[in-house]
Structure formats: structure tokens, C-alpha cells
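Input: one structure, supplied below.
Going in written order, the chains are labelled A, B, C and D, and every chain counts its residues from 1.
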């Protein structure tokens, strides 16, 4: 499309009165990756065929904080150029005021989807976004090393620590000096919130802030969880894990330098790449459980959704688009082509889906334990809550104050923020 | 071509008054030299005439027309700066042609002819394609002069043009300028210097400035022979005029006697006695420095090669008709 | 230059008829300044005023246009609780803010200091005549030429403890005995940021100083050479004083940039308290958190701090605004 | 070079070249590493090499196949060139007024200009967004050109003012006597003398505009109008968390090469000697 056409398209989207034209021109903004955008384009082509609406993609950098800042600014300025936003699971609640309520439109198909996903996008009584796909992390482990050293896949964090320690020491004794026991995302960022939420939740320590708004983080189980995690740093995990994001962890793992890794499904295919040292030698399992009352395996809910801007001049068409993209048919194609985890439960039994992405079977179990981050109860304060939380955790991991001390302060800070 | 008239011209920078009221007439085609010690305002006065500086009060007339508000180029002046001020990125030719190009209405050919004519006058034709940095100091100054000539000015202004040249070049260029004045005898020239030799050799008339005021205007010989003040007397002539005060002056019934070194004779029956401090032998003649109990040593110009021993006593006499007598206010008694 | 040669009259002189030349110059000055002033007023004036205005309101990005004036509340508010306890709220009472101020000042000081020293060395080298000078000049500029978002990521990769080349190099050369997680540890995070910034920005400094050096007439050195002045003395007596105006301006702009440092830290160590600077914390509040007004207040405070610094610098450094004019 | 053997001179020469090499190595090494990385793919990215081990242009191909990279390059060239031209034009004229015409409030004006550079860029984003939408240049290159003056203009004005102040007064006066107007003085006399300063500031401003990310991201919303830094940020791997390291490095190399070429072209202009011979004393 030339610049002129682009301009014309935008002018049109501004000046057209909603509903005046049958075939609307829409814009959808997405920070998806290259192949993801290609897939989106193919979906939009289908959508255009079905409805006649023409949709333009506005691509965004994959950095989520860049995306979020931009979306905030655009929405704050009442930008009518964008009709549909592709949003991270934690965003829509923060931007709830500026998105259209999709509850009614979605009512028909709502029960096809995982309730936890729908719940995570519901603020009060308003459904702010509809799901595109979901995401949940797993424990990646080295089959070959576990076998070699006669170990089972750990089901609790203690087991993981012990297994990792033993294998690491044994391997190092054999001259594999680069090897580490466990890598995860320990940098101070949203990823650490995800990791730590899993630790806390798996110890039965709640989910930082409960759905009713109670601040629950300062409890013994949470303290025990963080103490456990802190004990890994410098022993089974390198000190540098405090600066790791997903890619750094994957790098260590993919070079064959880690026994265990916590990561999202994306690492699965890449670790099976031809040049990966771990190809064929690994598998995934649910993340380990904690100990004590209420202990269970838990995985932070990720995933992406579509939300409709309230400044859209073509809200009806935009809603139509959002629903189309979250429909079971679209999700199925997405699962097959993009290996994205569907939110439609029935697709996990779909043969075509499983044939294309066999690993999804493994994720079904993981998904049972998915826990949402507290974005719905905290709404527009979520980012700050998360930042306070990961700071407290990062401090604990780097030995800057004990878990108990840091969580106590965190509780006060959260209380101040949310009161 | 223009007669210049200054009427009670004053100039101040903020609260500092630099020119305190100057009345002056420069005749058409005249070579006028402004001379004076540094800080006397001579360069400022030149810049007021050029139009680079505004006059604070008073009137400036060129050929009877007030030019107070006119830009330098409209006054028809050309100026040669102390530091040459050539355009470093332009060739000699471009430097010289720049003003004409800006004037509009000159054909390329006409410009070329004028530049070449000026270049021939100054014998710099072979340098026309060079950049200023490829020239020696003397050549640069000739280019600067050439640039001024090319513009065919009515008034030609020189701001200490020789002070950056070495002694030999200075003399050569001085002669060049003198020649120039002869050739361009209808162009009014004003020349600023602190060097009285330049003033004496070049000027039709000299204007001695002191402290923002005109001390005396006159031909070199007038100034030499009939200085209007001790200041002028001391400024014009080399070596400096000797000043003798106290009893020796009282004998001539004045407060200060001024007498030039060349107007004193060493003879056994001289009326003054002095102790030889030092003798400078210049070949043709020599300067004998005498301590006569005055503030400064008295210099006697003495032809011949007689070598006076330092420390010996000699007697000298002033030539009576060459004595300048000054009163307490420093004004001549005639 | 003698006193006779300088200066046109100041406007303070008594009213009188202005010459055509002066009028022409003043007219030209006005005409020349106008477009720049208009450009700056539109591009900077309005956004600045908006930001400062927002800092006195309760604006959030969810409700930008419904903002209400609340005075200095974002900066400092004193609240007396029912229990009778007095608490302080607002940016000025926020330890995180003061931590950011300290980080920023520390960062600006060290980075500019080293950039100036290294930039001067590089500029002196580039100012010398040697074969391949053109290539070296281009090579020097590479760090400045790589987009910050890329070079910051590149360095974070190189500084990685497991597959970072710098740790590997350090260990091969025997400088390190174990890999260091440079950006992770609070002790080394600032150092890492400083190293990357100095690497990246020294070319800027070097180039500006070089331009200054190029304006120094060569014959001054020739004269000094003949007088047998020692090169070190030459540097302090001749080079430094003559390059000073250019250096002062280069330093001003570097300090302003360093005090506002954002993108490098945003990419390299976005959430480390050890490197969080004023701009980073303000960006966080403006766009990531729901504290637009507070973020505006922080930006305004940063602006004030920089303004105070600049005034002090110009005053203490005796940066003159005049000279050079007729 | 003197013909005689001089140990001290030799040592000095060796030390000097050692310094040159050290500077070049430090400056270029990360870039070299980027080039190295741009030829790698897959797990190789995580392996440390000092010399090229594989040579694959796949990353370069993907740079050009994703999005509209050539178009983005053109956009960047256009935006940066116009920004620099505009900034230099406004700054050269303004700095003449600021450095060579005395008027009341000049210091204050210079400070005001500087003040524009004191506000964090991030904080003007919202206000600038409003202005740009108001002017109707949103999502066009002009939005960026306009926004970039906020950081190029104060810088160029200040630097050029400093340099212009140092130009000899007599040369300007000679031009006035020759009948030159301020405009002629600027364009025909001063600008040729200020090449080092003009080229340097122009180059620095060009690079700053070339590399700017935040404004570019905010004020353009289509691949057709975006510039290179945004395009690089848009490069993505197969999935959300994967950073396509090799491709990013390839893009960075592509982006940096024109700048290096630019420097090589203009570096001759960063030479002195232009004011030599014009004035003395």
C-alpha cells in the first residue's frame, strides 16, 4: 500500500460515521512476531472475505513495555486510528476504561473457553478483551542427564534442588564445568513476577493480591517459597540468573549447560532445532510443587487477547473482528500454524491440532494449574504492584534483606498503593 | 574624490568616551595620516569614517553630504586592515573581485579587467590563482591593498597596514603605498599608524590624536617645525625631541625647552654639560645619550665618527633658532 | 586586540539615529532568529508547558483531559492521619526518587568526566597527521553511529555471564577468575552502564573537541615549537585555553544528555534500583504505572535540577555569551 | 621524517600507533562482534567466537524480507537529511544573530534555547503528540522532522554560535566594506570557513536523528513511514520471547554502514587550515 492510500485509509477511518459504510476500514495493532504477523494477515484475509471489512495491521516492536507505553499514550490521546489492540493478558484490565465491553457480544461462546482466561480479562462486570491464545510455562528437563544419573523428574522444588545439585556436581566432576542445575528468569522485570508468583502459589501462599482485592502476600508460605528460591542462586543457578530473561535462560539451556529450565512453550521448538545441543534429549513437565498446606504445581497464565478501542469509529466492525480472531476456528488454525496454545478447551482433544503440535498434550496438564497474575483486582495499578513485587523478590534473591523482611515491607507498600 | 568633513564627532562605548568631539577636514585627494599613541582613538576615528562604527553624536560629511547613516559600501570607501582580513577560502582573484561581484551591474569581463589592472599595479598578477595561505605576509598585504583598489573607491582607508610586516618589507610597502597615492591622486586616503616615520614619509597632512581629541593637524614639516604642544613635539620626529626643564629652561624664560637631537652641537664651549651614558653609532651619524639631570637622557645627533667615552663629560649647545619654548601648560611660546 | 578595535555600541547608549548598517544587522538578526524561535516554541514550548501543567494536576493517562488542579500535591503533601501522626507524600518525600537523583548525578559525573578525558585524547590523536587518519576517524565514530537500542542490547549480550564475550575475554586474559554477571549485580550494574555509555558517547565528545582543535591556527604551535615549549605545557598553555569554548559547549550538552539518560538504562538494566535514573523513574510513572501526574512532576524536577546545574556551570565556568561580535 | 635514526622519535611513533590501534580496537570491537554475530544462526549465537566460523547471509536476507526494510532505510535517509538541513539552516542564521549582532537579552535567549534541551524527552512525548496531531502531520515523515528539531536545534545553534564567535572580526568587516549583506556574509564568507564545525555538527545531528527511536515509534504507525530504529525493534524471531539476535545484528550492520560511508566522505571536510592565511595577529 502506498503512503497516499494509507493516508486516505486513515482519513476515511476518521471521517466515516460508524455504520455508514458496510465495508469498514479497520486498523489492528499488534506486537506479534514476524510469523505471527503473517498468520494474522492470513486471518484478516479470511475475515475480509467473510465480511468485506478491510483491516490494516500496524506492527509494533516485540518489547512489551514499549507496546504498553505506546498504547497508553494513544488511548490517552483518544487516537481513533487504531480500532483493535492485541493485548497482553495483564494489560486490558489496566486500560479497562478505554476498551469497549465485549461481554454481551462474547456471551454466546464464553463457555467454550477456559474460565480462568475469561476471568483474567473481566474487570468488575466488564469483559475488556477476548482471548487469542494462552500461554503457560513448564519445567524443561534433560531426559538424558536424569537417566544417566538415575533420577526422576522432580515434582517438588526440594526435589528439583537436590536433583539439580547432584547432577550438576557429578557432571562437573566429569569435566563439564559449564553446567548448571537450574535456570529461570531472575531479572527484575515482569518475568520474575511470573516466576515468583509460581513459587508462592505452589507453596500455597496465594496470588499476591486475591480476586477480592485482599493483599495476601505477607504469609509464611510465601516466605518459605522465596527462601527456597533464594537458596538456588549461586548454588544450582548461576549468580547471573539475576539478570536473565527468557532468552538468556534459553541460551544457557540450549547450549546444554543446564539440567532444568523454566520457560514458555516457545523454547520447545527451538530446543529441538538441528543445532541445539539438547535436541531430542529433553522433555517438559509441570513446574514443581511447593511444600506445606495447599502446595500444588502452578503456572502463571500468559497469553494474548484482542480488545476494542472505545475511540474506534467502527466499533461494530471492530467487535466483529475481535470475536472472529478469538473464535474456535481461528484459534484452531493458530494452534496448527503457530503452535499457540488455544483457550478453547475442546481443541486440546482435536486430532489435527495434536498432530501438528504434539507437545500441546503435555501442556494440558500444566494448564490445569494456571494461575492469573492479579491484574484484574488491581486494574490500572497492576504494573506498579508487579514492580513492587518483583523488586521485593529480586532483593530477596540477591541477598538484600530476608524474604520475611522484604515481604513485610511489600505488604505495607501495596497497602499504601491500593488503599 | 571626496572631501571629508567631521563636525564635532563623538563616540562612546557604553560609558567610555573614546572620541570626544573631533572637527576635521580632509581635502579631496589628500593623504591624511592619523597618528598617536595606542588608545588615542585613531583606529576608532578611522572606523567611524568607514561606517563600520556608528557615530554617537556629531556629523560626518562626504562631499558636503551627511553620511552618518550610510553603510560603508555606499560611502564608497575601501579599507585595508592591519590583519589583511583576506577571505581565506577564496583565491587572490576572488578576493579582489568579491566586492565588485556584490555590486551588481558589472560584467564578468569588466570585473576581470579591473582586477587585473589592480594586480598589475601591485605586481601580484602571477598570484591570482593562489589562496592567501600560499602567500607571504608582504604579498598578502599587497592583495589586501589590491582588493581595495579594485573597488575603485572614493576614499581609501588604511588601518596600520604595515604593523605585521618585518622592517624591510615595511619600507618597501611604504614606498609602494606612496607610489599608489601618486598614481591615484584623486583618491582621498586616510592612514592610521602609531609610527611617526610612516606618518612623516607618507602624509600630505598629519592629524595627531591624543585621548580622543585632535591635538594638531598640519603638514609633516609644520608639525616638525611648529608643534602646537609638547605632546606633538615629542611625538613627531626621530629621535624624539629632547625636553629640558628647570633652571636650564628658565634661562630661556620658559618652563620647558624643546630641542631636537639634530639641532644640538657638541662643542667645548657648549652651554650645557652632560655625562655620556652611551653612544649609538649608526654609520652616517651617531646618537650620543647624555645625562643632564633631566627625567630622560638627552640625545644629541652627531655626525662623524667621534666616539665619546661613556662617563666622560661633554658640553653641548642648542642651535638658538631651533629652540622650542613651552609654557607650563605645554603650549608653545612663540 | 586593542580596545580600539572592539565592539559596536551597546543598545544601552543614548537614543540616537541608528546607521543603516546597524539597522540592517539588527533587522537581519531578527529575521534570522524568528524561524528558529517559532520552531522551538511550537515543538518544545507547548509540550513543556503541558508537562509542567500536568505536574500540578491529578492527571492519569486513563483520564488525561479530566485532570484537576491539585497544586503542589504531586511534589510534596503533608497529611495528618487520624492517629495524629504526620506523614509526607509526593515525589520529594519518595526515597526511590532521591535514589534516582543520586544515581543520575553519579552517572552524569563519572560518564562526562571520562568522556571528556578520553574524548580529548582521541581528539588529539585524530588531530595529528598520520597515515590512515580518515579510516580511523570513521572507525571512531562507529560506537556513536550504532542505534542505542541496538548497542545497548549488544552490550547486554556481551556482558552476559554465560555466553558473554567479555567475561570470556577477561578469563582468558586472567583478569577475572569467575564470570561476572555485570548487569545483574547491584555492585556492578552502574559500572556496566557507565562503560557502555562512555564507549558510546566518547566519539561525540572527541568529534566536537576535534572541531575545536581544527580551528586553532597552526602557526601558534609552530611558534611554541620554536620557543621549545614542552608538549605537555603546550597542551595546557595553548591547546586547552583555545579549545575551551568548544569544550565547554560539548560538556554542557553531554551533561544535559547524561542527566536525562534514558534509553541505555531502559534497555540494559531497566529495573535495577542501582541504576534507575530520574528519566527512567519518570518514564515508569508516566507510561508504565498509572501515575502520569507524578511522572510529570518528576520530569519537571529533573528540568529544574538541570536548569540549576546549567546556570551554575555557566556562572562558575565563566562561559561568556559575548565576544566575537563587532 | 628526518633521515637520521632517532630512538626517541621511533619510540614515540610506536607508542602513538599503539594508542591509535587501542582506540580503534575498543571502538570497533563490539561492531566487529556484531558483524560476526550477523553471520550466525540458531544455537551458534550463544557460542563465543573471536573469528568467523560460519558465513551465512540468511540473516541479511531476512532483514530485507521482513516488513519494509528498504523503505524504512529510505525514510531514515530522508528524515535525517531533511532534519539536518533544516537544523543547519535555522542554526547558521540564528547563530550569526546570536554571535555577531549585539542586542539586549542575547544571553537570556541562548539560555532559553538551551532550556529546551533540559526537559526529558520522555516527558514531552504526550504534549508533542498533541501538537503533531493538531498540525495534521501524524504518521508522516514530517512529524519526525518536526519533532527532531527539539534536540538538533539547540545543539546546532549552540555549537555554531561558539564557532562563529571565534571567526575573525576583520574578515566580516572586510566583507561589509565590500558591500556584503548579512546573508552574503553568512553564505559566502562564514560558511566556507566553518566547514569543520558545520560538518561535525551536521554529522552528529544526522546520527542523532538517524538513531532516534522513541519519537519514531510514537509518531508513525505504518511500515511505510517508519524509520530504521523502529524497524530494527520490529524485527522478530519465531515467537514472542525469542530475540532474533542474528537478524538484529545484520540490520545494525546494514544501518551503520551508510553512516561510516558518510563519515568517510565528509571527513576531509573536518580538516583545518581553512582560516589559515586570512588574518594575522
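Basically, a residue touches a chain if its C-beta (ideal position, glycine included) is under 8 Å from a C-beta of that chain, and two chains touch if they have at least 3 such contacts.
These numbers were taken from a predicted model, which means no experiment stands behind them.
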{"item": "Third chains touching both chain D and chain B", "value": "C"}
{"item": "Chain pair whose interface holds the most contacting C-beta pairs", "value": "C-D"}
{"item": "Distance-maximising chain from chain A - centres being C-alpha averages", "value": "B"}
{"item": "Rounded Å distance between chain A and chain B, as computed from the means of their C-alpha atoms", "value": "90"}
{"item": "Rounded Å distance between chain B and chain C, as computed from the means of their C-alpha atoms", "value": "53"}
{"item": "Whole-Å separation of chain centres (CA-atom averages), chain A against chain C", "value": "38"}
{"item": "Separation of mean Cα positions, chain D and chain C [Å, integer]", "value": "16"}
{"item": "Junction residues of chain A - those touching two or more other chains", "value": "73, 76-77, 251-252, 255"}
{"item": "Sequence positions of chain C contacting 2 or more other chains", "value": "5, 7-8, 10, 12, 21, 24, 64, 162-163, 283, 287, 292, 326"}
{"item": "Multi-chain contact residues (two or more partners), chain B", "value": "52, 71-72, 74"}
{"item": "Complete list of chain pairs which touch one another", "value": "A-C, A-D, B-C, B-D, C-D"}
{"item": "Chain A - residues contacting chain C, complex", "value": "65, 68-69, 72-73, 75-77, 94-95, 97-98, 178, 186-189, 238-244, 248, 251-252, 255, 257, 380-381, 383-384, 387, 390-391, 394, 398, 400"}
{"item": "Sites on chain C touched by chain D in the complex", "value": "5-8, 10-12, 21, 24-26, 28-33, 35-36, 39-40, 42-44, 46-51, 54, 64, 121-122, 125, 128, 130, 134-151, 153-155, 157-158, 162-165, 168, 199, 203-204, 207-208, 210-211, 213-219, 245-246, 248-250, 252-253, 256, 260, 262-263, 278-279, 282-283, 286-287, 292, 295-296, 299-300, 302-303, 306-307, 310-311, 314, 321-326"}
{"item": "Chain B to chain C touching residues, read off their complex", "value": "12-14, 18, 38-39, 41-44, 47, 51-57, 68-72, 74"}
{"item": "Complex interface listing, chain A residues touching chain D", "value": "1-3, 6-7, 10, 27, 29, 32-36, 56, 58-63, 66, 70, 73, 76-77, 81-82, 245-247, 250-252, 254-255, 263-264, 266-267, 269-270, 273-277"}
{"item": "Contact footprint of chain B on chain D as seen in their complex", "value": "168, 170-171, 173-180, 184, 188-189, 192-193, 273-281"}
